[in-house]
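Below: the structure, in structure tokens.
All chains are identified by letter, namely A, B, C, D and E, in their written order; residue positions are counted from 1 within each chain.
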Amino acid sequence: MTAIPLFHVLVLSSLLFTIGFTGVVARKNTLFILMSLEVMLNAVGVAFIGAGSAWQQADGQVMFILILTLAAAEVAVGLALLIRMQKKYRSLDIDLLNKMKG
Amino acid sequence: MMMVTAANTHASLSLDVIQTILPQLIVAFGIALALILVAWRRSQRTIVLFTAGVLTTALIASVNLLAIQPTVVTQLLKVDSNSAFAFSLVLVVALTSLHMSYQFLKNHIEVHDEYYLLLMLLVLGAGVLVTSHHFASLFLGFELLSISLVGLVGYHRESNYSVESGFKYLVLSASASSFMLLGIAFIYSVTGTMSFDANLPNDIYHQQNLRLFFELGILLFISGIAFKLSIAPFHFWTPDVYQGAPTPVTSLMATVSKIAMFVVLVKCVIAQRYMLHGNLQLLLIVLAIASMLIGNVLALKQSNLKRLIAYSSIAHMGYLLIVVIVISGESLAFTWQSVLFYLSAYVVANISLFLVVASLQTQCLTGDRVVKHYQEEPVLNDLQGLFWRTPSYGLLVILAILSLAGIPLTMGFIGKFYILSQATIAHAWWLIITLIVGSGISLAYYLPIIFKLFEVEPEGGNEVKKLERAVIEKVLVYSFIIIGLVFGVFPDVVSQFIVS
Amino acid sequence: MSYFASIESLFYLAATVAVVASLKVVTGNNTVHALLYLVVSLLAVAVCFYLMGAPFAAGLEVIVYAGAILVLFVFAVLMFGLGKDETQHAPQNSGISNMFGAMFLAFALLIELVVIINNAQIQQSLQVKVISSKSVGIMLYGPYLLAVEIASFLLLAGLLAGYHYAKPESQGSQR
Amino acid sequence: MTLTFIMVTLFIAGILSWVCENRWRGSAKWCALLVLTLLATVFCIFVVTANHNFESLTVLSRVSWIDTFNIEYSIGLDQLSIVLIALTWLLAIICVLVSWQEIKHKAGFYYFNLLATIAGIIGVFVAVDMFLFFFFWEVMLLPMTAIIAIWGHENRHFAALKFFIFTQVSSLLMLVAIIATGYFHLLQTGELSFYYLDWLSLNLPLSLSQYLMIGFFIAFAVKLPSVPVHSWLPDAHTQAPTAGSVLLAGVLLKTGAYGLIRFVIFLFPEASAQFAPIAATLAVVSIVYGAKMAFAQHDFKRLVAYSSISHMGFVMLALFAFNDIAFQGAIVTMIAHGLSSAALFSLAGMIYQRIHSRSLADMGGFWQSAPRMGGFALVFAGAAFGLPGLANFIGEFFSLIGAFQTLPIFAVIAAFGLIGSAIYGMVLFQTSFQGLAKQEIIDLAPRELMICSTLFLMLLVIGLYPSLLLKFSFGA
Amino acid sequence: MLLASLPFYPLISFILLIVFAKRLSWHVASFISVGAMAIAALVSMRLVLELSAMPDSVMTANLWHWFNLVTKQGSSDVNMSFYLDGLSAVMICVVTGIGFLIHLFAAAYMKDDANFTRFMAYMNLFIVAMLVLVLADNLVLLYLGWEGVGLCSFLLIGFWYHEKANVLAARKAFIVTRIGDTSMAIGLLLLFNSFGQLNIEALSSLLQQIGSSGTGFSTEQLNDIYWIALLLLGGAVGKSAQLPLQTWLPDAMAGPTPVSALIHAATMVTAGVYLIARMHHLFMFSPEVMTYVAWLGAITLLLAGFAALAQTDIKRVLAYSTMSQIGYMMLALGAGAWSAGVFHLMTHAFFKALLFLTAGAVILALHHQQDLFKMGGLLKKLPVESALFVVGLVCLMALPGTSGFFSKEAIIAQLWSSNTAGPALWWCAIIGAFITSIYSCRLFFLAFLGNKRYRTGLVVEKANLMRSALVVLAMLSLFGGLISLDLSQVFQSARASISFENEPSWLHSVAIATPFFGILFAWYYFKNYRLTKGQDDYVLSASTHSFAVFCRNGLGFDSLYKRLFILPYTWLAKLNRNDIVDKTLMSSAWYIGLWHDVMTMIQNGSLRWYLAAFGLSILVLVGVTIL
């Protein structure tokens, strides 16, 4: 009866998650960082949906919806911040944001 | 195949149940009303007064709940006396911070409705967190807290650091929450439930490999919480964001989010005792030791006050983590007492410090008439001679610092006494030794602050900076002094509220 | 058997697409291309959702994620005018070495995760049974009612914060 | 009740003198002096008229304080604490007198700190509850640190910091030991208790009590101080204002010895008996090393500070010899060292006031212009190197003769400290008061004469009639 | 009680002088101090008379209870109480009698000094301490006096403290004797530990009792006694300037001359001898240590004699001679000739005080010129002083009829057949006597005969006070030998140890003849010192032969000790001035600071690094805690 092993779903999720993480860490362009964050959140969604299906519960999907909400809120704030950044620095280079240290 | 249907267990939202989350509800409705209020009249005073009213009402409601029996609200939330105490603490802090915020914002030309709304949202987030009983509510509270903080951190748009700190906080907290969510997803895929006090399937205990996977989930989950608590090695954001945020916001970050997250961590650990099994206990020990050492070491030689407080908070969370590590089934009440007392002490000390720092930032030279000189970065030298200039502020700083350093006469000492008691009972000698070493190092940066207060004030007539002192501020300062001393010498006054 | 096999192969195909597209998002230099890849990735994930028996989630993924959220990005890109002369404004990656470190880190993390997941020998598989949108709805408005409410406040917070950051510098409004 | 009254009054008087100074300049010292004299009298009257003989620890009041931990506010007295408190009063008054002219800057707050320190010290000597003891232990530390840090010499912040960190870290160890013992009491009797007298009846297994004892020991060894944790002392003594040094050397170090007696040896007799060889080694090393270090110093106060290390080594040696004679010797040494080092530090302060230097290189030939000061310097240096007839001799003699009965080798090595002390004593006296007169200084003023002669008379009386102090028995 | 009051006369004088210090005129000050001494001297005469009337010749006086030492065996009272017997009677007579004369002399001698009162105060204080020392009925009180005289000696040597050399000499004297004192203190510890007793009389009876009991001493006890005796000997050696702690005495001559006379010749330096005599009942039971004592004395007397031969400073010659004479006393004690040793102590006090004071008068006359090679020909200029000096020297050489003769002969006579000494030591004593007369003659020749070699005119004071003191001393020196000293009661337990059976008959004649050989030898050998070479202002210089220089420098002991002890100690002290322990502890602070720097570098403000660190932390934590 079994179709897709949960194991594979989790591996897929991890794969997507690490790809997203790579993007967050490596990219200099803040816009890309935000996009990579979306990839990460999406990966978590995959894991939730998979787990939910495995347990035959709707909780997984509910969690996915909540994550979706978070993603939306985050993107909104993030992009607004990008606008400020663009205005202030005329650039989206993340490495400009290292004035505070020590 | 286990089928746990959560749907059957959901409790109906009867009036009795709703009563238990009244404080949170008041805040929530307050937010909604505030939105309407903003539409009706945009005035700084009005919104401040309104916010204060909402928070005070919520505080009264919350204090009423202090003796409540544990009540589960729709599987997501669970209210008990501890959460009520924690939320009261949050509200008190928020009220103080509100005053600071008003002092900070009233000089701006714009009207800042968003600020107060965000502040209430933040409080709501904390309220959800302290009562949460389910990973979903935990996650939502966490995010509510984060997003409103992101809004607040960069609030002072004219500041040089606004974007930087806001963005840093956003990205880091988003990735932290992703990690946490991944952890929750892993936990969920093993256990099939997201409630805190679920019965765990037996496989976890019997099957070594599955347990590893499960522990991985918890590790990821804890990393998210540790991020919020700025526990090393997830502490990197702390100093930068503390520094960049406006001081009232920093004070919120240092207090509200710490209280909320720590309470939820303790709830989680108490509910799911498996967190203290072998590997995970080791994990927590590593985190605690790293925090205690790294925080204190980093705080040395720091001249920026806010960064210094940030680093010291890392260390304090490390101390507090000891309590979590040594939780034992027999003395849960004592554990709660320790945690809440320490948190209160920590919060009172921090908020006192920030109160002074905030008023130092807005202090003006006596020579100038009206020009408000806002000082972006409060540094150690600003404290020079403060004790001689305004003894009450000096005294407050001294008390706060001593409390943080854990010296008797202050609440911090009693808090440390609690922690040491816990650790001693559990024979956690290595943690105790680290704590002692950490405290030793911490004195090397706490004491110079006090010494600075006593240094002779700089010479020169109109160079002397005068503090602007509103009546409320005076009241706050004196009340914090009294709170610090009285609760430090007679800790039973506080403890009796925490007894569950 | 073959039916399931085909579902499985479809799943793996979609998964591969999602992974490849995500990789392109992360490594690409052109913002608009990257956004499009992101859409592809999200759509592929939506397919996976569907195959995993979560059609509601799949729908939301397409509508909200690929639709709404990505549109936000597109607006942003338009605002910054990144599409045109990205070479001038957008920061470039300082080189493969920078990327390499991150990738190495992520790869190590991935290996750890996979090793642990693999060792766990999770016997469970996904059920064929579809979790309908109805049951999701019941959950949402049953035990998760408060969560929905809180989520609304979450959105409000996002809105307020976003508004505050994005609003124009106004000097003249009254106190 | 009286004791509580005394401590509270000291504290209030501190605040009062602070306020007074703000109102009328120069009134704080009078206020402090008056209060100290009055309270000392009150204390004496109380002790004399009390209908206890204080042979054993007499609990005078016992009120519950922190119920969560079953902590009580309980204070009591026995002969040991009475003697030490009496020393405290004497030195406290002397502290006010030596600060009379020295402290001009923020005098009000200074006297507040001074009185608060004294209140803390008295608290340490009377506390019966262990938590209370620890509480006072720290309370006396804070104002003391403030005195060093605010009114000290050029390197004051560093010295204060070092002093505070050393004592604080070690006292945290003690706190852990206190808590552990309290909880052991819980295990054994089912009741959490920090009450000292309860603890005395506790039946601790040796393996546990060893660790607990070490926790206490380290805290007191740091305070005492003993090599190798002595290094805060030279800095703190050197940098502190005169009264600070007097109080530090005179009384604060004695709290360490007091703790050793009461909380190490009496609470954990077996464990400390086992520990005795190590403690005695540390003591002997302190004696010899302190004397050697003192000899090498160029700074008057630093020299005296190192000599303190040497002297307190005798106390520790004697305490760990476990017999009556040595025990009495330890107590007499404590008192004698309190007086003699206080006297030497006062002298250092007087010289500093005149020539604004502590360096021995700047001194010399003062006898010519200040013969009285020279005479006192000689006597006090003599006390420091154990001149018979003065109190220190009795202390050292008793310590050695007692220690010899159980730890002969250690006592013999310790006796070599007598040579070392003669060397640094001579160096101290000769370089400052003999040799070619570098400059003329004014001889002792009546106030200073009073300080010196009081201390001298005390030293002489104890030296010639030590029976006053020799009532103690080890069993007590 | 008269006995109890004895030390208080000088004490009261001391207090008066110190308190009123410079407000007192010379007359008042000298009257007080000398008067106090006169009273003390009279009182001690009276005491001696009383004592001799007593049947058991013991007097005690208890002042007050000092303290008592409780042990398992019982408690031992240590009181402030005095004990007078024959031995201490001799000592108090010497101390107060000679002390009085020297005070008298000093009052005149120091008249012009700015700090005259202080000087007299110290002298009085010294007498107090010395009286306490000799009268003490227990060893702790004895130690009190012992240290007290040390302190006074220190003060008086450094009395002219403006001179660096005097200060150093004072320090040296104090510290060197302190080394001996420490040895003595350890001896006391051991004594108390072994016998639980510090009271001298009680200890004596205890020892007698154990010794005469059937079992006698156990091996352990004998071992203890051996060590106690040895350690007490250490104390005695330090105080009495015997080998190996003799180096301080020559330097101590830096003090004013009356001080040298009183402290460093007549009284304090003999305290060691007194200690051993006092503790003879203990030493009796340890013949090995007795032999050590004897040998120490013998070696010291020879070496000091050699050193005296080469000195150029008149006071240093006398100092070495003192050392040598004390060597005789030690020799006597070691040989068991207790009475003889004490007798020599007394006579030596007379003539050495005389010698020093006369030398002082000479020095004063020569404007503080002490170099023998810058004197010469004083016989004619200062006839009275010369005569007195000759008297002193004659006694020193022990020419028959003088007091020195009686005492020294008594010693030498008992050496040959003593159990603990023997012929070798006898020969040592003879050679010592020979050397004594040689350096005495040399001294006399250089100072009083030969050419006038001083440049300045003489100050001839007609100070009758000084002269009268000197004359009395001279009388004492000449006829003091006739005082019959009966200490048999004190030393009754020790009497039987010497038998004169198998002695050669030539012993006495050799002993009596030796000084004359010495004079003859000197007469020829130091011919150029005594002969007048015609013109005045003749320059004579000391021998520069390397052996002579070696002897002059105290036989190299000073430089040896300097290399062996002083330099290493100061080197070590200087090396570690900054306290290595402190530095070690503080290096941990440095180490933490290092970590701080590293950590701060990590906290570099770069968001991407923070993210990477987040991932890295998870990576590591997973690796550490889970895998």
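Keep this in mind: a residue touches a chain if its C-beta (ideal position, glycine included) is under 8 Å from a C-beta of that chain, and two chains touch if they have at least 3 such contacts.
Computed from a predicted model, the values in this text were never measured in an experiment.
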For chain B and chain E, chains touching each: A, C, D
For the pairs A-E and B-C, output the one whose chains share more C-beta pairs in contact. B-C
Using each chain's Cα centroid, which is most distant from the centroid of chain A? E
Could you pull out the chain whose C-alpha mean position is farthest off from that of chain D? C
Name the most central chain, where centre means the mean of Cα atoms. D
How many Å are there between the centre of chain A and the centre of chain B, using C-alpha atoms for each centre? 26
Quick check: how many Å separate the C-alpha centres of chain A and chain C? 6
Averaged-CA centre spacing for the pair chain E and chain D, given as whole angstrom: 38
Between chain B and chain D, tell me the centre distance in angstrom, where each centre is the average of that chain's C-alpha atoms. 43
Give me the residues of chain D that touch two or more other chains. none
Scan chain A for residues touching two or more other chains and write them down. 6, 10, 14, 17, 20-21, 24-26, 28, 50, 52, 54-57, 59-60, 62, 66, 70, 73-74, 77, 81, 84, 94-95, 97-102
Among all residues of chain C, those touching at least two other chains are 101-102, 105-106, 109, 113, 116-117, 120, 122, 124, 138-139, 144, 147, 151, 154, 157-158, 161, 163-165
Per the touch rule above, enumerate the chain pairs that touch, sorted by label. A-B, A-C, A-E, B-C, B-D, B-E, C-E, D-E
Interfacial residue positions of chain C with respect to chain A in the complex: 4, 7-8, 11-12, 15, 18-19, 22-23, 25-26, 31, 34-35, 38, 41-42, 45, 48-49, 51-54, 56-57, 60-61, 64-65, 68-69, 72-73, 75-77, 79-80, 82, 89-94, 98-99, 101-103, 105-107, 109-110, 113-114, 117-118, 120, 122, 124-129, 131, 135-136, 138-140, 144, 147, 151, 154-155, 157-159, 161-166
Applying the document's contact rule, which stretches of chain E touch chain A when the two form their complex? 600, 603-608, 611-612, 615
Residues on chain A engaged by chain B in the complex (per definition of touch): 6, 10, 13-14, 17, 20-21, 24, 30, 33, 37, 40-41, 43-44, 47-48, 50-52, 54-57, 59-60, 62-63, 66-67, 70, 73-74, 77-78, 81, 84-85, 88-89, 94, 97-102
Per the touch rule above, chain B residues touching chain A in the complex are 2-6, 136, 139-140, 143, 147, 150-151, 154, 157, 160-168, 170-171, 174-175, 177-178, 181-182, 184-186, 188-189, 192-194, 239-240, 243-244, 302, 304, 307
Within the complex, which stretch of chain D touches chain E? 227-231, 234, 289, 292-293, 295-298, 323-325, 365, 367-368, 371, 375, 378, 382, 387-389, 393-394, 397-398, 400-401, 404-405, 408, 411-412, 415-416, 418-419, 422-423, 426-427, 430, 433-437, 464-467, 470
